[in-house]
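Each of the next two complexes has chain A plus one other chain: chain B in the first, chain C in the second.
Right after this comes the complex of A and B.
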C-alpha cells in the first residue's frame, strides 16, 4: 500500500529559524505522535505538509501524490486542524459545515452532526462569536466528517476542557478501527498521545531527534542501578549517570547492551526498572546524544 | 474481554495485557479455540495503540498460549493439563523470584524464606 505520508529533505528557512532537512514516513493505519517543545517547528512542519507554507526544498508526497499547490486534488483525502482556521465569520457554524460539505465526496452530514454533538460545538453560533476552543472544534468536525485517510492535527486540544478533550481522543480511536487511516498528531504534551500513538517522533529546534516505535522505546530504555568499586565507569548507551560511592544509577537507552557491559565490568547487584514514556521523552528531548 | 489497564503502574501496558490475558487463559475463562478480539478492536476498546496490542499478542503467541489463523484472527491454543501446570508454575516463578532476591539482599537466609512460604501455604 502507498504511504500515507512521505517526506524527503523538507526544508523551510526563516531569518532566525530553520526547519529540517526532515525525512519522515507514515504508514497507513499508524498513529504518529510528533512531540517537541514550543518553537520546535511542529506547526511550520505541518503547514508545509498541507501547503499553507511553501517549503524551500524537499519533496512531500501525501497518499502517493506530490503536495503540488497547482493540482490540489490530494487535499480531498486529508484532514488538517491547526491554529489557522478560515471560516465564513458571519455564518453560523452549521452553515459553515454545510458549505464545506459540497467540496468533499466523502462527507457525511450524519457524521458531522454526531461529532458536533459529542464535541459540544454550538452549531447555531456565528463563527466570529465562537471561542478559541470552539473554533478548533469546528475545524475538527470539518476535518473528520469527510472521513480523511490522513489526519494532520496540530495541538488539536488547545482551549478545550478535559471532558471534550477525552471525547476527541475517543473519536480518534474510533477513526482508527477501520484500519487504513493514519494520524499525525503534533503536541507539546506527550500524555495526550501516549496511549494512542504507535510511533513517536521528537522534534527540537527544527530537527528530528529521533523517530521510533513507542513499544521499542519502552523495551529498550531502563533505569539501572548497580554497585561497582574501582574507578571510572564508561557506558556507551547511558544518557545520565549518578553516583554515590560504589552505588550507581544510570539511565540507559539500550538496556541489553548496558547490562552486558556491566556484567563484563563485574558490576554487582544489577537491578533494572521500567521507565514511563514521559520520562523517556524528557531524556530524549534533553538531548542525550546517545538517545 | 474486560481488561484492567492503568497508566499508573510501572508495568508497561503491553505487559499488563499479556499478564491479564494469560491469567484468563490459565484460569480457564478462555477455553481452547476461543477467539480473541481483533487487534484493532482490542486497541479501540482499551484505548491503546494498535502496535501495543500487536506486540502483546505476539508475545502470547511465542508462549504458545494463542495462535493466529491467517485472515481469521487469534485463538486460544489447546494445551494439556501438564502444559497448563508448567505455564502456571513458570508464572509463579517469575513473580516470586524478584521478591526472594530482595529478601536475600535484606538478610533473610534460605531457611527463613522457606519458613515464610510454608506459613503462607498453610494460611491460604
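Right after this comes the complex of A and C.
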C-alpha cells in the first residue's frame, strides 16, 4: 500500500530560520504526533505539505502523488486544519460548508451535519461572528466531512473548551476506525496527542530530533535511582543525572542496558519508575535523543 | 473556475448592486444625449478603483487565499480567477459605453473612437496587471534575505514605477487635462489605433505574465504584498 505521506530532504529556508532537511514517512492507518516547542517549524512543515508554501528543496508525495500546486488531485484526499482559519467571512458557517462541499466528490452532507451537531457548531452564524474555538470547529468539519485519507492538523484544539476537545479526540478516533486513514497531528501540548498517537516525531529548531513508536518510548525510557560509591557514573544511555552523596537519580533512554551496566558497576538498591510521555518529550527536546 | 466566479458574484452582491445601476444609468444617458464618453470613462475609472479596493481589501484582510489555495484547484485556475473580475468587468463596462456611443452617434464611431476605447481597456489591464504582478513576483522570491531584498528594492519598485506610468496614462487619456495633449509621445500612443492596440496587447501580456507568476509563487499565505 502506498504511503500516506513521504518527505525526502524537505527544506524551507527563511531569513532567520531553516526547516529541514526533513525525511518523514507516514503509513496509512497511523497517527503521528508532531511535537515541538513554539517556533520549532511545525506550522511551516504542514504549510509546505499542503502547498501553501513551496519548499526550496526536497520531494513530498501525498498518497503517492507529488504535492504539485498545478496538479491538485492529491488535495482531494487530504483534510487540513491550519493555524489560521480563513473563510468567506460574511457568509454563514453553513454557506461556507456548502461552498467547500462542491469541490470534493467524497463530501458527505450527513457527516458534516452530524459533526457540526456533535461539536456544537452554530451553523447559522456568520463566519466573522464565530469565536476562535468555533472557527477551528468549522475548519474541522470542513476537513472531516470530505472523508480524507490523510488528515493534517495544526494545533486543532487551540481555543476549545475541555468538553469539545474531548469530543474532537473522539471524532478523530472514529476517523481512524476505517483503518486506512492517517493523521499528522502537530502540537506542543503532548497530553492532547498521547492517547491518540502511534508514533511521535520530535521537531526542534527545524530539525527532526527523533521519530519513534510511542510504546517503545514508554517501554525504554525510565527514571532510575541507585546507590553507588565513589567516582562518576558515565553511562551511554543516561540523558540526565542527579547526585546527592551516594544516591543517584538518572533518566535513561534505554532502561535495560542502563540497569545491566549499573549492576556491572556494582550499584546497589536499583529502582525504576515509569515516565510519562510528556516527561520523555521534554528530555528529548532538551537534547536527550543523542543518549 | 465557474464555481469560484459564482461564489464571488454571490459574495460581492452589494458591490454588484452598487455598480450596475450606476453603470447602466450612465450608458443610458450617453445613448440618449451623447457626448458624455469622457465623463463616463472617468467615473468608471474611479469606480473600478473603488470596487477593486473594496473587494480585494476584504479578502486580503481575511487571507482567504489560504482557504482557496487549500482547495483542489490548480494554481493557474486561481491565478485566472483573481483577474477575472477586472478583465470581464472592465471590458463589459467599456463594451456598454461603446454600445451607448454607437446608439447616440447613429452607428458612426470611426477609428479614433476605437483607439480611445482600446487605450482605456489596455491601460487598465496594464495598470492592474502590474500591481498584481508586483505582489506575485514578491511572493515568488525565496525567503532568503538576498532574494527578498532584490525583490523589495529592485523588482517591486520597477513594477510599481511601470504601474505608476500606466495609471496616469489612463487617467490623462480619460480626463482631458490642460497640456496633456501636448505630450506628443503620449498622444501618439493613446490617440492612434496602432498605439492603442499596442497598449491592449501589452496589458494582456502583463495579465498572462501575472497568471504565470502566480503559479510560481513560493507562498500562498498572503493575498497581497500591499498593506490593506
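As a convention for this text, the second predicted complex is superposed on the first by the 286 of 291 C-alpha atoms of A that agree within 3 Å, B and C clash if a C-alpha of one lies under 4 Å from a C-alpha of the other, contacts with A are read in each partner's own complex, and residues count from 1 in each chain.
Here, a contact is a pair of C-beta atoms (placed from the backbone, for glycine too) under 8 Å apart; a residue touches a chain by one contact, two chains touch by 3 or more.
Just so you know, these numbers come straight off a predicted model, no measurement behind them.
J.: Sharing chain A, do chain B and chain C clash or fit in the superposition?
T.: Superposition check on chain A shows chain B and chain C fit without a clash.
J.: With both complexes superposed on chain A, which partner does A:90 reach: first (chain B), second (chain C), both or neither?
T.: second
J.: Just chain B (first), just chain C (second), both, or neither: which does A:244 touch?
T.: neither
J.: After the fit on chain A, how big is the angle at chain A between chain B and chain C, using C-alpha centres and going to the nearest 10 degrees?
T.: 160
J.: Please indicate which partner A:124 is in contact with in the superposed arrangement: first for chain B, second for chain C, both, or neither.
T.: neither
J.: Between chain B and chain C, which one contacts more residues of chain A in the superposed model?
T.: C
J.: Let me test your reading of the model: by the given contact rule, A:264 touches which partner, first (chain B), second (chain C), both or neither?
T.: Touch status of A:264: no partner.
J.: Have a look at where A:110 lands relative to chain B and chain C in the superposition and call it first, second, both or neither.
T.: After superposition on chain A, A:110 lies in contact with neither partner.
J.: Closest pair of CA atoms, one in chain B and one in chain C, after superposing: how far apart in Å?
T.: So the smallest C-alpha to C-alpha spacing between these two chains is 29 Å.
J.: Which chain A residues are contacted by chain C in one complex and by chain B in the other?
T.: In chain A, nothing is touched by chain B and also by chain C.
J.: If you look only at chain B, which of its residues touch chain A in the complex?
T.: It is residues 7, 10-14, 40-41, 43-44, 47-52, 55, 105 of chain B that touch chain A.
J.: Which residues of chain C touch chain A in the complex?
T.: Answer in residue numbers: 3, 7, 11, 58, 62-67, 69-76, 142-145, 148, 215, 217-221.
J.: Under the stated contact criterion, what part of chain A meets chain B in this complex?
T.: 29-31, 169-170, 173-174, 176-177, 179, 194-199, 213-215, 218, 269, 273-274, 276
J.: Show me the residue ranges of chain A that touch chain C in the complex, using the header's touch definition.
T.: 12-15, 47, 50-54, 56, 69-76, 80, 82, 84, 86-91, 99-100, 102-104
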